[in-house]
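Next up: some structures, all given as structure tokens.
In the two complexes below, subunit A is the common chain; its partner is subunit B in one and subunit C in the other.
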Partner chain A sequence: MILRGLSFSLLAPAAALVAPAPVFAVDYLTPEQVQSEMFSGAKTFEMRQVMLTVEQQRAVEERLGEPLRRTSYDLRLARSEGELLGVVVVDDVIGKFERITYAVGLGPDAVIRAIEILSYRESHGQEVRLPAWRRQFVGKRATSSLQVGEDIANISGATLSCTHVTQGVRRIASVVEELRSAGELE
Partner chain B sequence: MPRSPDLIPRRTFRKGRRLGALLRALALLVACSVARADEEPKAESATVLSSYGEVNFNFPRHGDPVADLARFVIGLEHRFDERTRMVAELEVEHAVSSKTDPGEVDVEQGYVEYAFGATFSGRAGLFLIPIGLLNENHEPTAYYGVERNFVETAIIPTTWREGGLQAIGILGSGITLQVGLTTSFDLGKWDSNSTDGQLSPLGSVHQELALAVAHGLAGHLAANWRGVPGLLLGACLFAGNGSQDVAGVPHALITLWDAHLRFAPGRLDLSALYARGTIGHTAELNALLTGPVLIPAEFAGWYVQAAYRVWSSGDRSLTPFVRYEQFNTGGSYAVLGPNPPPAPLPTQEVGTLGVNFLFAGGVVLKADVQSFPQNHDQDRLDLGLGWSF
Partner chain C sequence: MKTVVRRARPALGTLVELGILLPGADPARPPPWALAALAAGFEALGTVEQATSAFLPESDVGRFNSARAGATLPVTVDTARVLRMALRLSRATDGLFDVTCRTGLSDWSLGRLGGAALLCKHAPNVRLDLGGVAKGYAVDRALEAMTARARSFGRRASCWVNAGGDLRTQGVVLRVCLRDERGGGAWPWLTLRRGALATSDFAPTARARLAGGRPRGLHVSVLSPRCLWSDALTKVVALSGRCDHPLISSHQAFAFVHDAALSGRNRGSEDEGPPVL
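What follows is the complex of A and B.
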């Protein structure tokens, strides 16, 4: 009886893990709102899915010093009268337990123009939304350090969220730089 | 009397199966819930498992070396719906808890949190008081040194939790406000024949929601500002009824407040903290005691700490640090009758020099030496292993 009771009580919540629950999220912005805020002069936003070639993937991984999580990226190209104003990439990283949805806006030169938090789901660490923290990324690019504790200051009590968002921004900056140098941002 | 020959194998068998079931369940929990930051995010689970722990080795200049699994904690978060979650931590201190062993089992946190929107949320249950730099962020990977600092152990009784309600507001200006109504301390637990009260006055009378006497409640207000990247500036005030309205015992207000600063703009990591506590009507309270250890009227401490990350590669980093702290758990005592007031306890100083080596995104190796100028016999070398995920 002891065995049965113990097994049931522990396995019941474990079984519940298999079924995804409704997402606990505070949605601050939609991707459409973010792209309009980042490039207010844009008249059109072109959705484009790019697949990195093996050579591009290697080049990005060499710059990052770590493997890429994926090789397919959805770009939102901001244009005005045909001229490219920049690109927005929406991505997710895991904070401590939950996903953080964020967006990076880069100019045609692959320099970061802005980052924004779209959805936050953790119970701690929401301070990554603070404008002063996000402004640290402006003007940086793939060749920047882009590391917490180097050129990005940490937020006490939100270390994991800061670290993982910064890692995500660094990956996107590297991918966009690679696409720019290959002439694929036109 | 000889033991029954068939008793031993049966007990072993049952224990083995029980352990097996436990390990299988935990393995399933971990496999389903622990997500690595570098993995592609997948559909989120409703329940997530976390853990932290520390294994410490203390080698005093004089006295016996001690090896201790100081803490092992399993944390559980469960999301009921898009606004409601439960957060709990179950802790075993000193490895084994039994009548003849030094350990204890605690529920360190157990609360339900409800998000009212993007800015405000509320908690109900057993939660950590938002005071100091360590109390809410007490995992071994979050602080320097094998042992937690003395000020946030002796003056602020980390890990300090109370039961009640708390409202949290994270404002756009970088200010986080937390205000709560909770249970309080119980001075009826003061043991005047034990030195526990001199090691940590409030640590010896906390209730931790274990059949807590709840006649007298407490309130707290904490404000933290993170408006400049790398900077944390904050303070907390806690005030509560410590005598729990016991007949014949005077109403004693207990206060504890702190102010803290942390500035980590890059590789440098600076911290400073001051904490001070008071207990009211200690003259009347101490007159009721039978032993020699009196309740202090005030106690206080402060520290400054500097760390610098000298090396990092990927998720590995090496960070030496130095810390100086002063604290007094019996800063002053009330006058007792016509006699002069009892002399305050001597102020203790501690200097700590050490290094943290972080790797694998959640494991830390630590080493430090601690110097106690008031009694160099206490000087020691500490080595530690910690983890957090």
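What follows is the complex of A and C.
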């Protein structure tokens, strides 16, 4: 159908909704791609797993005003000639029906430099609640940020809240600040 | 074969995706002009958010809401454009469309001094909330910014912007899925070749609230040439209960009210009479 200024066509109506709606997923960036984009001057990225001490956990939780979901974090330390340029942390959050993987880039001062979404997956309520569905994202690596051909899918609907991502970013910033003040980013 | 680069970030209280068509480019290494265009798009989104968000005390809207009666505030071009659209819609709907959320429909005005737009507050309790229109405007601005940045590299950008479901495309054919708000997942719905689409859900459990609105389980989408229009017109359709509201045709738009169960049946502007709500 073509109206002045816009052009669209309706797809065939969905069948009676006995089965759940199909999932919708987009991969934007891999963790490797995002760390390179956030710190393009870095020559190396050091993977480091840190475990917060009980005291550090308490300090972070006090600052956040909420309990931490976990105390182990994987940091990607961006370096050039040994100098620390910053750190990237990749995390997942789960909303009502969606699973979002995102990355936060912070400077050596623990100040947030950039936030990027790595992948988005819209799924069914019953599926989201299954542990197996959640586990499939552990260690997930997006295969490609690219879609080929003209079939470029987008999603519309009630405005999606990004509250979960915002809260996750806040947690990561607080954890990295705690590690920085303890001298554990060097 | 066509390849695209797409990026998403949190902005405007939702997730915003920008995409650019890259014919002939190495998809693994997006060219500098494409990355610059994406950066310009995200920057434009941030500029509009900084000016129009009711959640930021330093924004034009935040300063207005905390100002005393009688205050006159210079506002950005972006805020002024959104407010002018809000005024037009308010007049055309006899006040049904109300960005003050029933705190004082006539207690604000937009003036001009030289080249600057001035926002005037006439009563102490009036508050503005541009949540129903600013996101669509931000989508338009982001698309324009991407196009302009690409042009500065001598490129003609085919691109799209999707701000949490309010989207606009230019030169890219998008297959649009409609999110199932009740059960999760997304149903293939339409193919958008040109123009903008905005969807709002006004179910009792939804985030969106209609100002002074009658509680309705409404799920409305509007197609139009601009996302500002689409975003705002979803509220007009929901408030008026009419897919064939005169503002729909005067904005070259097309409206849908979806079946609550998303069964693929929906009523559109071309149907006879108003939809059954």
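Odds and ends about this structure:
Heads up, the rule we're going with is that the second predicted complex is superposed on the first by the 123 of 186 C-alpha atoms of A that agree within 3 Å, B and C clash if a C-alpha of one lies under 4 Å from a C-alpha of the other, contacts with A are read in each partner's own complex, and residues count from 1 in each chain.
The rule is short, and it goes like this: a contact is a pair of C-beta atoms (placed from the backbone, for glycine too) under 8 Å apart; a residue touches a chain by one contact, two chains touch by 3 or more.
On a predicted model such as this, the values are computed, not experimentally measured, just so you know.
Residue contacts after overlaying the shared chain place A:S123 against subunit B and subunit C alike. By the touch criterion defined above, A:M47 reaches neither subunit B nor subunit C. Once the two complexes are overlaid on the shared chain, A:V165 sits against subunit C while remaining clear of subunit B. In the superposition on chain A, contact of A:Y28 is made with both subunit B and subunit C. In the superposed model, A:S156 makes contact with both subunit B and subunit C. Of the two partner chains, subunit B is the only one touched by A:D92; subunit C is not.
In the superposition on chain A, the residues of subunit A contacting both subunit B and subunit C are 3, 6-7, 10-11, 13-14, 16-17, 20-24, 26, 28, 96-98, 123, 127, 147, 149-160. Interface residues of subunit A, counted against subunit B in their complex, comprise 2-3, 6-7, 10-11, 13-14, 16-26, 28, 65-66, 69-70, 92-94, 96-99, 121, 123, 126-127, 130, 132-133, 136, 147, 149-160, 163-164, 167. The part of subunit C that touches subunit A in the complex is made up of residues 1-10, 13-15, 17, 19, 27-28, 135, 160, 162-167, 172-181, 183-201, 203, 206-208, 219, 221, 223-225, 252-254, 261-265. By the touch rule above, subunit A contacts subunit C in their complex via residues 1, 3-17, 20-24, 26, 28-29, 96-98, 100, 102, 115-117, 120, 122-125, 127-128, 144-162, 165-166, 169. The touching residues of subunit B, counted against subunit A in their complex, run 14, 17-18, 21-22, 25-26, 28-29, 32-33, 35-41, 43-48, 50, 77-83, 85, 87, 113, 115, 117-118, 121, 133, 136-137, 142, 170, 172, 174, 176, 224, 226-230, 232, 262, 264-267, 309, 312, 314, 317.
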